[in-house]
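Take this structure, written in structure tokens, and hold onto it; I'll ask about it next.
Letters A, B, C and D mark the chains as written, and numbering starts fresh at 1 in each.
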Amino acid sequence: MIDKFVRGTAEALAGVRSGATILIGGFGQVGTPNALIEALSEADLRDLTVVCNNAGTGTHGLARVMAEGRVRKIICSFPRSAGSVVLEELYKEGKIELEIVPQGTMAERMRAASAGLPAFYTPTGLGTALAEGKETREFDGRTYVLERALRGDVALVEAWQADRWGNLTYRKAGRNFNPVMAMAAELTIAQTQHVAELGALDPEAIVTPGVFVDRVVHIPYGEPDLGKPLY
Amino acid sequence: MIDKFVRGTAEALAGVRSGATILIGGFGQVGTPNALIEALSEADLRDLTVVCNNAGTGTHGLARVMAEGRVRKIICSFPRSAGSVVLEELYKEGKIELEIVPQGTMAERMRAASAGLPAFYTPTGLGTALAEGKETREFDGRTYVLERALRGDVALVEAWQADRWGNLTYRKAGRNFNPVMAMAAELTIAQTQHVAELGALDPEAIVTPGVFVDRVVHIPYGEPDLGKPLY
Amino acid sequence: MDAVVEPKPLNRTQMAARVAADIPEGWIVNLGIGIPTLVADHVPEDREVIFHSENGVIGVGPAPAEDARDPWLINAGKQHVTLRTGGAYVHHADSFALIRGGHLDLCVLGAFEVAENGDIANWSTGANEKAPAVGGAMDLAAGARRLWVVMEHTTKDGRPRLVRRCSYPLTALGAVKRIYTNLAVIDVEPRGFVVREMIPGLTLEALQARSEARLHLPA
Amino acid sequence: MDAVVEPKPLNRTQMAARVAADIPEGWIVNLGIGIPTLVADHVPEDREVIFHSENGVIGVGPAPAEDARDPWLINAGKQHVTLRTGGAYVHHADSFALIRGGHLDLCVLGAFEVAENGDIANWSTGANEKAPAVGGAMDLAAGARRLWVVMEHTTKDGRPRLVRRCSYPLTALGAVKRIYTNLAVIDVEPRGFVVREMIPGLTLEALQARSEARLHLPA
């Protein structure tokens, strides 16, 4: 019997190694796998590359992972926000590498990885500082930028419902990067609010089929804590 | 009030021009927009390029569109089947151009078009006759083929439910190419089995948001006629 | 004899309302942070415009009452929103496929500067003290069928924002089609900035004095 | 003294059963047309293997009773199937993302020929009289984590299918990891074909005589 549920966040993260590239879902605290991120900050890991739209606020969550010195590099679209003090400090001191990627390019680079495509051309960023040094090429009279796939060793995602095969649904804007990241990593770990019996989820409405998910941990943690607007 | 419903297939196809590239959904008669295809065969059109996984069987549907001499070129992955006599005849006589594309590459080329990406690299087809003359390039030690986006002037798709905004759901294996094609054309026309009130479709379970759909025609035509296995 | 009236620049609300007036029913529209977000409030409810947010919300509705907030439903500006009847959710890759794939009829963004060739600068001041942040601005600017900018005509200290070439880091090349400022509506055409509309009492000379690039009149 | 028994080649059902025996629980598996499709019948129901079909069906179950067919539910071979509890539907681009993106543990295909370098030819005889047709074969062969081939060891007229270089048009380069024939199980390794298993009574010499490329024994 396939049963992807594990008993806790420590078991969920078992085998994650220093130096790994970790994709972390969520957008503005919604759909963010908070319990897995907390576990990440407590795990004995170093030199992580973290891919996440935002770069943490306050002293918890991703900010705590960085404060613990576990992150070598952040790849994100919007690190700056009212409470992003940890990132700002580390960045100013040159203690963290920061790769800013347009949000859609970031999503598409992971989508390419999920589909086995090593690279694609996109109009986004052409002629800007974020495309500096990148190859460009003309197709049908318009110039595009070559972007590379971005694959994770690990993806941490937050689901609304999950069954033992790892089928996932999300809730409203909690969907965001989660389905894309779930498909783009070697090891996909989902934190779920609710547990569904196998067969209870409508096969037409499953957003992430279980084939893309390796482990599931049940964390009924309640509503996302939005705090201040973060964008 | 946005209301994308039109009264019949003729109105649905209004403005479609000779020389157009038409994406047609369906896989093995399931999820095939039959009424729209019949209307296409009756419209005064020439020199169409048709993109469809199969190339019609018997003397109805896409086979009829070809028999009427409306198609200059077929782009598909699997034209050959037990009843594909029209295509075989036209092909043998050199009266139709045939571009065979691996099924996944075909889907991905349209997906690229839907996402505004002009080209991508894929491992599929490398070293085969279907990649002959195509550019190749190495990334991280593996060689890939450059493939171009495939955009339609028109997409004909078949839905299970549709509302007046053009939100669509599909039924089981009737999903297939339909959501991909719906996003990859200038003018997307859906044939739907059922009409839903706006708001009746679960926002979490809508597969094709109405923003990708231009016209909807209600054709409660019943179950797909599978006939013989076609693959 | 007419009384000479001092031209009264539009305030933020009026600028948003002016943009809203030009958005027809049925358009798919993405609104950036700031004044652009206010535009939605000025589209009458019976005019069905579908607002899209980068985080996968299609059919964004008005802000909820404070006691009716759904913590799972925010827009790209991380504000609480509602979903309009007929709306749907997609994931981030599909959300940006919508943007980049030509499915967005309009994007309205704020900007630091717009150049007469349509270049836009709106994501970075170029100052290096803080971590830069781009969000979806470059995707929106490069991807939308139409890009409109809404911004004050000049900076707080009076420097023009309609320029010959942008001095701030670029967001996209040649992307802006129209600019709504507190003083005027300006189209960006092959020949440069073309003034479509000015606030009452303003002269072209006065507007030109507040603009770096040359302003044209419609042909 | 042992009696000399004439080696009895496996029939199609036995070949399918032999493949099935090597598929562990939890794998995501795509089965091609022909003998590969039969493999599913030989995986015991309590061993949860998730069968994928190119047309977006994840969790393909056994064929339905004739009076329980759902016309909306077919596999890539256009045969009526069922959906297993826990299954899901995706569209074609996602279905092939699954294939190409390394999410498929195994694909089992038929073939005309397999070369000792792992090249596979299974989509075209190269004859030009009919419109060619490839379906998803190239995507599967290039994309699956493991590609196994199940086929008769030789053609009907006795020509070997395990060859030095394929003579038919290629489906993919260096993709095949293992071959199940009616006579043997052969791995494809850097040094070439390595015989893992033979039917009772068959000698390596007899198997070699039916193969063009050189056969090796496990190191």
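By definition in this document, a contact is a pair of C-beta atoms (placed from the backbone, for glycine too) under 8 Å apart; a residue touches a chain by one contact, two chains touch by 3 or more.
All values derive from a computational prediction rather than experimental measurement.
Counting C-beta pairs in contact across B-D and across A-D shows that the higher total falls to B-D. With centres defined as mean CA coordinates, chain D is found 29 Å away from chain B. Rounded to a whole number, the gap between the C-alpha centres of chain B and chain C is 36 angstrom. Chain C and chain D have CA centres that are 56 Å apart. In chain D, the residues that reach two or more other chains under the touch definition are 83, 89-90, 93, 96, 99-100, 143.
Annotation for chain B: residues 108, 111, 115-117, 122-123, 170-172, 203-204, 207 touch two or more other chains. Every pair of chains in contact is given here: A-B, A-C, A-D, B-C, B-D.
Partner chain C is touched in their complex by these residues of chain A: 27-31, 55, 77-81, 84, 87-88, 91-92, 98, 100-105, 107-108, 110-111, 122-130, 170-180, 207, 223-226, 229-231. Listing the residues of chain C that touch chain B in their complex gives 25-26, 28, 46, 48, 50, 52, 58-59, 83, 85-90, 93, 96-103, 143.
Those residues of chain A that touch chain B in the complex are listed here as 108, 112, 115-123, 139-140, 142, 144, 148, 169-172, 202-205, 207. Against chain B, in their complex, chain D makes its touches with residues 33, 53-57, 70-80, 83, 89-93, 95-96, 99-100, 124, 129-139, 142-143, 169-173. By the touch criterion given at the top, residues 1-2, 111, 113-117, 163-165, 167, 183-184, 198-199, 201, 203-204, 206, 209-212 of chain B touch chain C in their complex.
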